[in-house]
Amino acid sequence: CSFPGVYKINVQQGNIVTDAELAELSEGMPKSQVRAILGTPLVINPLDSDQDYYVYTFQRRGGEVKEQRIVVYYQDDRYTRHQAKLLEETPAY
Amino acid sequence: CASQQKEEEVLAEQTYYENAREAMNSGNFNEAEQNLDALETYYPFGRYAEQAQLDLIYARYQNMDLEGARAAADRFMRLNPQSEHLDYALYLRGLASYNIDLGLAARYMPIDVAARNPGEQLQAFRDFAQLLERFPDSEYAADARQRMIAVRNRMAGLELRAARYYIKREAYLAANNRARYVVENYPSTPAVEEALIIMTDTYRALDLDEAADDSLATLRKNFPNSNVFADNGNYQSEGLKRQDRSLLNVVTFGLIGGN
Amino acid sequence: DEFTVADIEVEGLQRVSAGSVFSAFPVNIGEQLDETELAGAIKELFRTGLFTDIEASREGGVLILTVKERPSISSIDIEGNKNIETEILKDALAGAGLEEGQVFQRATLERLELEILRSYIGQGRYNARVTATAEELPQNRVAVRLDINEGSVAAIQHLNIVGNQDFSDEELIELFELRTSSWWNSLTNKDKYARERLSGDLESLRSFYLDRGYLDFTVESSQVSISPDKQQVFIAIALNEGPQYTVGDIHLRGDLIVGEEELRKLISLEEGDVVSRSKMTAISESLSYRLGREGYAFASVNAMPEPAGDNTANITFYVEPGKRAYVRRINFEGNVSTKDEVLRQEMTQMEGGVASTDRIEFSKSQLERLGFFKTVNVDTVPVPGTDDLVDVNYAVEEQPTGSLSASVGFSQSSGVILGASVSENNFFGTGKRASFGVNVSDSVKSANISYMDPYYTVDGVSRGFSVFGRQTDYEDEDVSSYLLDEYGARVTFGYPTGTFTRLNFGVGLTQSDIKNWDDTNRLVEDFARTEGDSFLNYFVFGSWRKSTLNRGLLPTDGHSHSLSLDVAVPGSDLTFYKASYKTNYYFPLTDNNRWVVRARGGIGYGDGYGDRSQMPFYEHYYAGGYGSVRGYEGNSLGPRVIDNDGDDVPFGGNLLTEAGLEFIVPTPFAGDTRTMRTSFFLDAGQVFDTSRGGAPEEEFGELRSAAGISFQWITAVGPLAFSLAKPLNDQEGDDTQVFQFSLGQSF
Amino acid sequence: CSLVEDRSERYVDAPEGQPISVPEGARASRIDQAMPIRDINTDDNRRLYPSSIPKPPDMTSDILEQNYVIEELDGRVWLLVNEVPGRLWPAASGWMSESGLGVAYDSPQLGIQQSELVNFSKRSRQLVGLPDSPDANEPKTVVQMRLAPGIRRKTTEIRMRVLERDQAPDELVAWQDRETSAARIEQQKALLADLGAYLQGREDSKSFSRAASGMVAEPKVRLISSDDDVAQAVTVALDYGRTWAELNRSLEEIGAQVQDLNRSEGWFQVDFRTEDERSAGLLSWFSNDDKPLHTHTVFVEQAGDVQRVTAEQTDAYDGELTSADLLTQLFENLY
Amino acid sequence: CSSTEIVEQPAPLPDVTETVEFDELWSVSVGDGHDDELLQLAPLYAGDTIYAASADGVVMSVATENGDVQWERELDDRIFAGPGADTRQLYVVSSNAELIALSREDGSEQWRTELPTEVLAAPQSNGSLVAVQTIDGRLISFNASSGEQLWQYQAQVPALTLRTGAAPLVGGDIVIGSFSNGRVIALSADAGQPVWQYQVGQPQGRTELERLVDIGGQPLVLDSALMVVGYQGKLALIETRSGQEIWSRPASSYYSPAIGGGNIYLASANGDVIALQGSDRRELWIQDQLSWRQVTRPAVSGDYLVVGDYEGYLHVLSAENGQLVGQDKFDGDGIRVPVQVLRDGKLLVYGNSGDMAVLQLEQDN
């Protein structure tokens, strides 16, 4: 029957980063400047300071978790490159 | 309208002190407190003053007036900065803060106190830290230190509980941060083992394999025989099992799983 | 002349220990010492602040320091203060270092004397006098005494506003807290001049004008003069209104994030409206709140009106979103007995997620709706060292959540209740609801156990069960006199269907036996003869509930609806159903929610189906008493029946109507109004029996009503309530009851 | 204890692990202690108080019943004062000058003060007990006073000596202990009594000497206990005679009734039992007063420059009080 | 216990063996007199006519000789200050701070102009320039015939002042204002630029009350000098041209001083009446039986002084030794307006309830 299902809230996690912001990164940029552009990374690997993770996940109404992952690589605190797998839209709620 | 001082005859300093000592030994802490207060008012700088102020802390504590005990300890430390027994006052002050939020239920009923806000136990931690700093070889230092360890473990435990909730909530990034907080701030507490496991699993769930490997390596290095390692040594945590949140599952008491 | 120090002797010590003197005095034995070094050393000793004076003398190689210790304070007493409590004065003294046992500094005493005097002047007590004395006591101690003569307060003789054309003096003075002398004002101290109050009044004058478009409004001067005998104060306020501005066109500048079109919808000002500052601030807040939802917690919007000719002004809203903020950690404080998870599971804002002011605020009201906390405060604190991370701290103050009806309870309807029943909505702080009770009274003997976990799954799917057994002797309930035994068990489930709505359902069975029905009344006897006296019914029940009430206990805002249906399904001995609808509305009149109007209504209908024509009489609804229509005895309203020994006894009915209007007022002299409630109420209600002929409408006139005053108090033992009611249209034969009392039941 | 476990005692076995170490190549800079706990040497007093909190330390035992007492033993007499030497030194030199003796030489480190010549001042002659009129060839006399820390903590013993020399000593005469005649002892007692009265008069205004404060010597009485915290012996850094006398007095004070003693062989036989053991329970109503029982023997022997006191329990007594208890109570009373 | 009633208790009415009597020549009632706004609407003595005003808006002109009312006009606003006058016009200030000019012939309104705030001191005019002093330290001048503002001077005044106001002095080319900040300031009549200033009272003390230094009365003009007194300040004689102090001595009074027979008479703030030797300011006598009765400025008539008090009594003191020689109850509501001396020594008294009378002292020996 058309019983209304269990109401589940959306669960949003992580930094919202757009490719426009990614485009601003340039080789050799200090880490502080990268973070000024992309924001403070919400997930880091405490044991390795040469990587910043800009992960974004969104679970709509308890469904399957969609994820966007950007890994930024540094060489003694200078930006070298990044890997990005972006989602088309990254809603905030 | 000048307030009349109620005239009660003032006893000798020694008698007050003896009555207080007797009352304390026989467990009548109310009477002890009254005598000590009288000693304070009439002989503030007599020979027994320092001892009376020290006993007052103990009497109030035993009278379950922990707030009063703390105040008495502060007063003793302020009035006798050079006393050799400052360590006792500091220790009692810490003990009062340690137990002030602990209701009777929490002591005898099967309540998991660690899951709640530590409240004044953090203040107890600060008092004991001061005791260890200033009187490292006081006879109370060992007990104070042991209680500090308990408070710290409790704080780490709180972080871990929050991480477990966020796993249930399927908010793996939040769970990862809570676990990382434990590893970064409470590296010597027993909670570190499970924290490393959660970090490994949540990094894996977020496809951050390098970070997951680092956490796993740290786990293996510090807790080689953790029971998350099978006998042959490879890692087999049941990962982040998703709680079946479907209505059907709940109604049928888990018999029929939902999505 | 230099000399080597053979020994240092200190004379005149009393309380201070020699150790502290020697450690503070930077000279040791065997050192060469000359005048300047000696002077420097003495100054060093002075800095300890323990001594009033220090003399150095020499006897051969021995340096002798004669010190005079600063006296210590043995007692502080304060006389003559009425308007500033002794406690506040003592804290002020303690703050400046004047406390029993502390070292006494005369300079600080004088400074404090002045500060206390100034605070009296601030209260308009111009001829107040404060004198502090320090009386020497033996053993270098001092008794500090503060004599205060507060003097009288100058009364405002005349309050004159000059330069106001568009608004009359009376209209403006209405805004003022200060009033000219009249017997009423002097009672409320309103006519006592105090500088802070005048500046407060000038501020409300300014916002009065700025809210009505007078952008150029200025207060030229506010001159206060006092009569020679210092008893009367005259205030003259000169103001300059300036023109009244209306709105020209409205612009939005800056990075709008969600686009101009959506933000424009939030701007309630149109062209031609009066330029009102309060409206502009309200709009700015709603704009930044909207941005907050997108994570711009640091967004700031401010409105700038610029005059644009012939008394119109263009308004520009400058929007600065700042950086998108994320929540690093959510911390809870004050939950010493409630588990952390019970609070965290109410959060819709996640750690590590975008900081949405919407969700942070909603989570706060969720905590308030739990009913576990007296107060809930939230505070968003930026994380040091980052410009886009915040911590969210919730500070809660716990309150008793259970009701423990102690061994002797009393309720009108069932006389003295013996036995205990514990029900706890926050069972040992785990958030689970549990209740266990055994009640014995002359009319009801019952035992029940119930347990419900509201968060069986993380989304709030709840599961619970309850088992109960009850023997009611309706004789004593002054209802028709039969005995009813009922035993049963239920399993209940529930889940949220939206942010404020919830669906509950469940199944259960109940075994009911009617005893000694033969000497009750005709209706019961007919029923028992036709239907039998022992029934096993299987129930399916469901309910839909929507609630936006702002607090779990004693709400002051929001509304709630609940629709429920109980059906004894085919296969039960008696097939019947009972449906009911209840609603509650709270309208706060003031923004501090202390004056609130509450409307409540309820309707219940039960009937048989299938081969049963009516519902069993023992399932009848009753009305009257506390919780239904106050002013009438419990269960006394509705149809009656003559029982065998001749008196007519209420019999209940299958149609229940209930309504009530309450005017909630602040409880006088009550400190903490969150756990007390005083209200004037008007209750109305009635029970009908549709099956016995007489359509409900023409009997509608039968509705009973009563008005009165009620007081509720959430105590550690549970909600306690008294009510005094005056029945309005009671017919003879109704059992009215003016005073009613109940423990453990809040409605 | 109570059948339900008091969960507030669980802290006792809260584990403290080692801070984790990171694998090679990994950076550990983010790992530090948010709540650091200082290490303490927990060797000797590793005591915990899980259930009951410790009683406050008792400072009043230092306060002697009466102060300024003149004591005599083995031909030596001294004034026992309940104050540290550092505080008495200035007061004592104050007495020397005010009583007319004056201070010619002094050494705060050694605690010795030496007066001017007594012969020429009538008052000091009277004080020392010399005849009023000086005769030509009487010896030059000076008075020496010595302050030394007493046995019990925070006490001082003051001794006096009247020296006769043919010419006035021109520097501080070293202090030797020599046999003194009864008359001399009376003379010293008089001086000490005068000093005691003077000191009592100036009690409330405390004056201190820094140099003299340094004189607080090593504690003379020590309790030696085995590593499992059981008392084995008490050492006293005094001569045999003085130790024997102090022991005699302390045994009485702690309620160990001396049955028999032998000074040359160095032992005491004592009856050291608790109150109820003495009253032999209810039966005591009927039995005559309880006969003393030789429960422990206390031995004193010279060990290097220190007297070593040990105790043994006799097999005739198997009550509660062990020899270790006896030694601990002795130490408490002495020091 | 701590007493809370005010410290300065007015002295009881002294009983006096009267050697002097008051003989009332005529009296007239001017509207309702003063209301409870603590105003001082001193009547204006202009030779053979006296102009008087009342707080409820009545302005009337009365013959000095016999008190016949020449004309009476009822304005429809309440009056706070006045009447001031020059040869052609009378000036009053309404409670809503409007300066109103009336013709002296028949009291008809000539013009009216708005002032920024309340005025307590009567406007003064030299025929071409009308000067008004507001309670918040402004001195504003207007053209006497058109009422159009000429210039404005703003002095810094303390937040708390006394409920009194000194009227400005309008000379030919300078206007002298005395302000509630204890300063007398001379301004050029043409542009209102400060020419000189003299500090009468120096504010000191810890509370706003102790720091009050208002100048309550208009300075007394003596050929080329001004005598001025301030509350908790000084009695001083200063040169009108340069403002240089000639002499000064500490004094405290709400009213201007009075001079007569070479002496200076002062009603000090605490109610004492002091007589000083004019030449060297030596104190001749002090009459202290009237302490704290808010004594008005002494009027010198022959060798007597007449003062009023807050209960409405008139007291006569012998100018020679200050003894109280006469006493008469004149007005139940009290007397705040100082008694004025007419040309032939008669006395003009205007009580708070609105009774105005001319009296004469009779020696009854």
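So that you can tell them apart, the chains are marked A, B, C, D and E in the order they are listed, and the count of residues begins at 1 in each.
The rule we apply is simple: a residue touches a chain if its C-beta (ideal position, glycine included) is under 8 Å from a C-beta of that chain, and two chains touch if they have at least 3 such contacts.
Treat the numbers as computed from the prediction; the structure is a model and nothing was measured.
Contact with chain A and chain C alike is made by B, D.
Pairwise, the chains sharing the most contacting C-beta pairs are B-D. With centres defined by CA atoms alone, the chain at the far end from chain A is E. When each chain is reduced to the average of its Cα atoms, E sits farthest from chain B.
Taking the mean of all protein C-alpha atoms as the reference point, the chain centroid lying nearest to it belongs to C.
For the pair chain A and chain B, the distance between mean C-alpha positions equals 37 Å.
Averaged C-alpha coordinates put the centre of chain C at 65 Å from the centre of chain D. Each chain gets a centre from the mean of its Cα atoms; for chain B and chain D, those two points are 41 Å apart.
Chain geometry summary: the mean Cα position of chain D and that of chain E are 90 Å apart.
Residue positions 5-6, 8, 11, 13-14, 42-43, 46-48, 62 of chain A are each in touch with at least two other chains.
Chain D has residues 22-23, 26, 30-31 in contact with two or more other chains. Among the residues of chain C, those in touch with two or more other chains are 14, 79, 139, 328, 350, 352-353, 457, 459, 461, 495.
On the chain D side of its complex with chain B, the touching residues are 2, 4, 6-8, 10-12, 14-23, 26, 30-38, 40-42, 45-49, 53-60, 63.
The part of chain A that touches chain B in the complex is made up of residues 5-6, 8, 11, 13-14, 42-48, 51, 53, 55, 57, 59, 62, 65, 67, 69, 71.
Considering their complex, residues 79-80, 114, 117-118, 121, 126-127, 147-152, 157-158, 160, 162-163, 195, 220-221, 223-232, 234, 236, 238, 240 of chain C touch chain E. Taken together, the chain A residues at the contact with chain C in this complex read 3-9, 11-16, 39-40, 42-43, 62, 92-93. Contact residues of chain E toward chain C in the complex are 1-8, 36-38, 95-97, 114, 116-118, 135-136, 157, 159-164, 206-209, 212, 254, 269, 292, 294.
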